[in-house]
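So, here come the structures, one by one.
Presented sequentially are two complexes of chain A, the first with chain B as partner and the second with chain C.
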Partner chain A sequence: MNEYTCDLRAAVQDSEPATVYIRKHRFSVGAPLHFDQEYPYITALEHALGALAADIAGGLQAAARRHRVPVDHIEAVLTGRLNNPLTYLGVVGEEGHPGLERVAVTVYVSSPAAQEEVQRLWIETLQRSPLVSTFRKAVHLELSYQIVL
Partner chain B sequence: MSALPLFPVTTVGSWPRPPALLRAQRLKRLGRMSAEEFNRLADEAVLEALRLQEEAGVDVVTDGEQRRDNFYSFVSEKLDGVRLMTLAEMLDVVEDKAGFERILRTLDAPAYSISTATCVGKVRRRKPLALDDLRFLKRHSTKAIKVTLPGPYLLTRSMYLPPLSSEAYPTKEDLGEDVVQVLWEEVQALAQEGVDFIQLDEPVLTELVFSQGQTRTFMCAALAARKDPAEELEFALALLNRVVKGISGVRIGLHVCRGNWSQKEETLLSGSYHPLSPYLKQMQVQQLVLEYATQRAGDLVSFPDKELGLGVVNPRLERVETIDDIRRAVERALETYPADKLWLNPDCGFGTFSNRPVSQPEIAARKLANISAVARLLREQG
Partner chain C sequence: MDKPVIVGAVLYDPKVAVIWEMIAGFFAERQLPMDTVFYTNYELLVSALLQGHIDIAWNSPLGWVDAQRRSGGLCRAIAMRDTDRDRVSHWVVRTREGIGQITDLRGKAVAVGAKDSPQATLIPLSLLRRHGLEPGKDVQVREFNVLVGKHGDHVGGEQQAFQCLARGEAEACAILDLNWEAWTGNGTINPLEYNILATTDPFDHCVFTVAADFPPDLERQWLKTLLSMDYTNPNHKEVMDMEGLRQWLPGRTSGFTPLSKAVDESKFFEGV
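Right after this comes the complex of A and B.
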């Protein structure tokens, strides 16, 4: 299989959120970006960053399974910084762009395996991650893991 | 009570757990290690913590809370109606998710690694909370012994999570009734067993007066809603005085700090104990164990009828306070307190949360050794 496409449809009617249809699933996506903590929908940016964190955490879990390395817990925390959020709002005179400038991901891992083994899984996870490969070309990515006893 | 010298030196309870014990805690939680195997490792860790305290010249020792995951959640193993839940499990039910996330970020810890005790039914004392720990320590030390227990307000507030608790207890105040009973039984049992000092930990009291309307600053308090601070303080006072009612033959202390879960001082609370003093004065305890080693603590407050467990070193700081630093702090306190009312201790524990100790054993031991050196100097001066 050297060709794979991801096909989906996003529809929005009078107001938010958009509905995304993919395979036999559907999910809602709110505004591209929102600054109100009480905003009721998950924004497009949050979906994208959540997907990246889940890609890495899930990828690590999958790598552990492939190599039969026992892992008790994996949890990723992510912080994404925009270049200039005011440009998203269209504030006159603001420079820069509304895109992500820096994304930092820390993955916590608890495993009885040796540190070297976890390190190998980590490297493989990043090499095989579709979203890490993609984000790396566009954003300054800081990726690290910590072993938690 | 064993005869104690002037300026008795003690700790505030927790001691950093060794890596093998941290692994064992996780395996026990996952059901992959038996209680017996865990206890064998914990016994070794307690003996090491004890050895380091004794070598440092500590007069009143603790077991370093080595068997506990943290200073309050361990009760879930001992009480009916209480379940240990990781913060990851609680994210779904916690009320202030954004505030909770901010605390987790500062802690630099995964939500799965920190557990909290949650009330899920009628709370009863199935096993003693600390009596077995006391008996173990008595078998291995001739020193006076301090046992730490979570205070009744801390336990009530941190364990009450309405979606899970309200079937058994319609209100937090209802839960408080049974928490008082559980702690009273434990304090009574410890006193009968001959413990020298019982310290009740109530760190959340400072949050009530220092962070009105601001971000919650205690992991253990982030779960339950606050009411009016004055009402809460009255509630806390009533609970504590009922826990110690009729107890005699043991020194009872109350520890109140401003947070001890991060080495980033700016994330911890600041402010003098003044706003708490009307309540602290009414608490029926002999000693107040208070933080005074950082600028955040403000002026020394006088509590004329009580002893002061004076915090003279910051457990979160890597730098070991010098003998001169500590001596100056004690001399300042002697302007307010008579010598026979002053005890010396760190500001707080060295390893509050097992996965995130705020210090290392060798640094903690050096800090205690310097406190002991100051105590000896002052005793020699008479």
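Right after this comes the complex of A and C.
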């Protein structure tokens, strides 16, 4: 098997945000973490979690297409809990780490297909997901789906 | 670049860091750079102040008393919020119980916040002593020790004390006036079911504290800048609202007398 790598560059000049260059695209990434709802950039953590949710939703949609299972709409809702965000701020005396401790994802699937069919898609999606495979090794990952009409 | 003034503060909620970013920005715009260092509790904050790691501590009232105790009375209280002055705490009871005076609590249980909370524990218990009720002897004390070390900054202990009262597991609970007003205003507390039995003497709350060797010229410059924050200026209003004040005022120490008395009575710092 040939080695596959994902290559990109991230550059910061003066202050936020960073610009990430990947293939022929680029996007901006704000601070690693920020606690102000009005902060104007998407943080690195939000990008990572958004990527996980999109990976699962998009993967499920792709699986549905492969198996010709009708799916109207898919939405993934994600909650990520940090071990101790105060350590990110360098609060003297705090213990723990600023990393993710638990990530819960619930995927809502709008489909007239039978439950068994959707279940098969779900299992395949998780098996094929690069980010689920990666996150599972690092955090407590809770994944579930619900069929909605 | 001028050497920044280093301000220390206790942080229990990461969102509060946003307020400090805004305050630092306010000082930076006035060519008075300021850095912030956060601590997990007031004991560490006061130690950092007295060891010279920080220039100014945003101190709790108990942190102020501790700083004076550990510095031999050499620290200075330089500024506080208008809302830090003349606070009171209430002993709140269930209206239907018919408890009419504070001495009616003899032999009963009272609920308080964290053991190091001036407003939800130390000063209200001092009021009981003044009426001849020794906590732990004449009244049973139920402490709700949420985030001890943060001196009651977190309202959780006070909330749990009220819930204890609501469940009928205590005959009275201690609540800061601002929380009583907020909770009776937003429906958390039905004011028809609960009433104020007694109120403490006024006391002061948080205060910017400096050690003896903080340069007076720099102190004047820093204070002048802080006190120039103007609530009528829309650019300043947001951070002042977030920090809960309308005006910064010079520090004063007269408002810490009730807490100092409470600390002495309870021998709070013995064994610390």
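Rule of thumb we're sticking to: the second predicted complex is superposed on the first by the 147 of 149 C-alpha atoms of A that agree within 3 Å, B and C clash if a C-alpha of one lies under 4 Å from a C-alpha of the other, contacts with A are read in each partner's own complex, and residues count from 1 in each chain.
The working rule: a contact is a pair of C-beta atoms (placed from the backbone, for glycine too) under 8 Å apart; a residue touches a chain by one contact, two chains touch by 3 or more.
Fair warning: this is a prediction, and the values are worked out from it, not measured in the lab.
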Chain C versus chain B on the shared chain A, clash or fit after superposition: fit
Partner chain(s) touched by A:Trp122 [first = chain B, second = chain C, both, neither]: neither
Partner chain in contact with A:Tyr108 - chain B first, chain C second, else both or neither: first
Partner chain in contact with A:Val92 - chain B first, chain C second, else both or neither: second
Superposition-derived angle with apex at the Cα centre of chain A and sides reaching chain B and chain C, degrees in steps of 10: 70
Contacts of A:Phe135 with chain B and chain C, given as first, second, both or neither: neither
First (chain B), second (chain C), both or neither touched by A:Asp36: second
Contacts of A:Leu149 with chain B and chain C, given as first, second, both or neither: first
Shortest CA-CA distance between chain B and chain C [superposed frame, angstrom]: 7
Doubly contacted residues of chain A, that is, touched by chain B and again by chain C: none
Complex contacts: residues of chain B adjacent to chain A: 19, 22-23, 26-27, 30, 88, 98, 104-105, 108-113, 355
Of all residues in chain A, those that touch chain B in their complex: 37, 72-73, 75, 77, 106, 108, 110, 112, 148-149
Chain A contact footprint on chain C (complex, rising order): 11-12, 14-15, 17-18, 21, 37-41, 44, 48
Chain C-facing residues of chain A, complex: 35-36, 85-86, 88-94
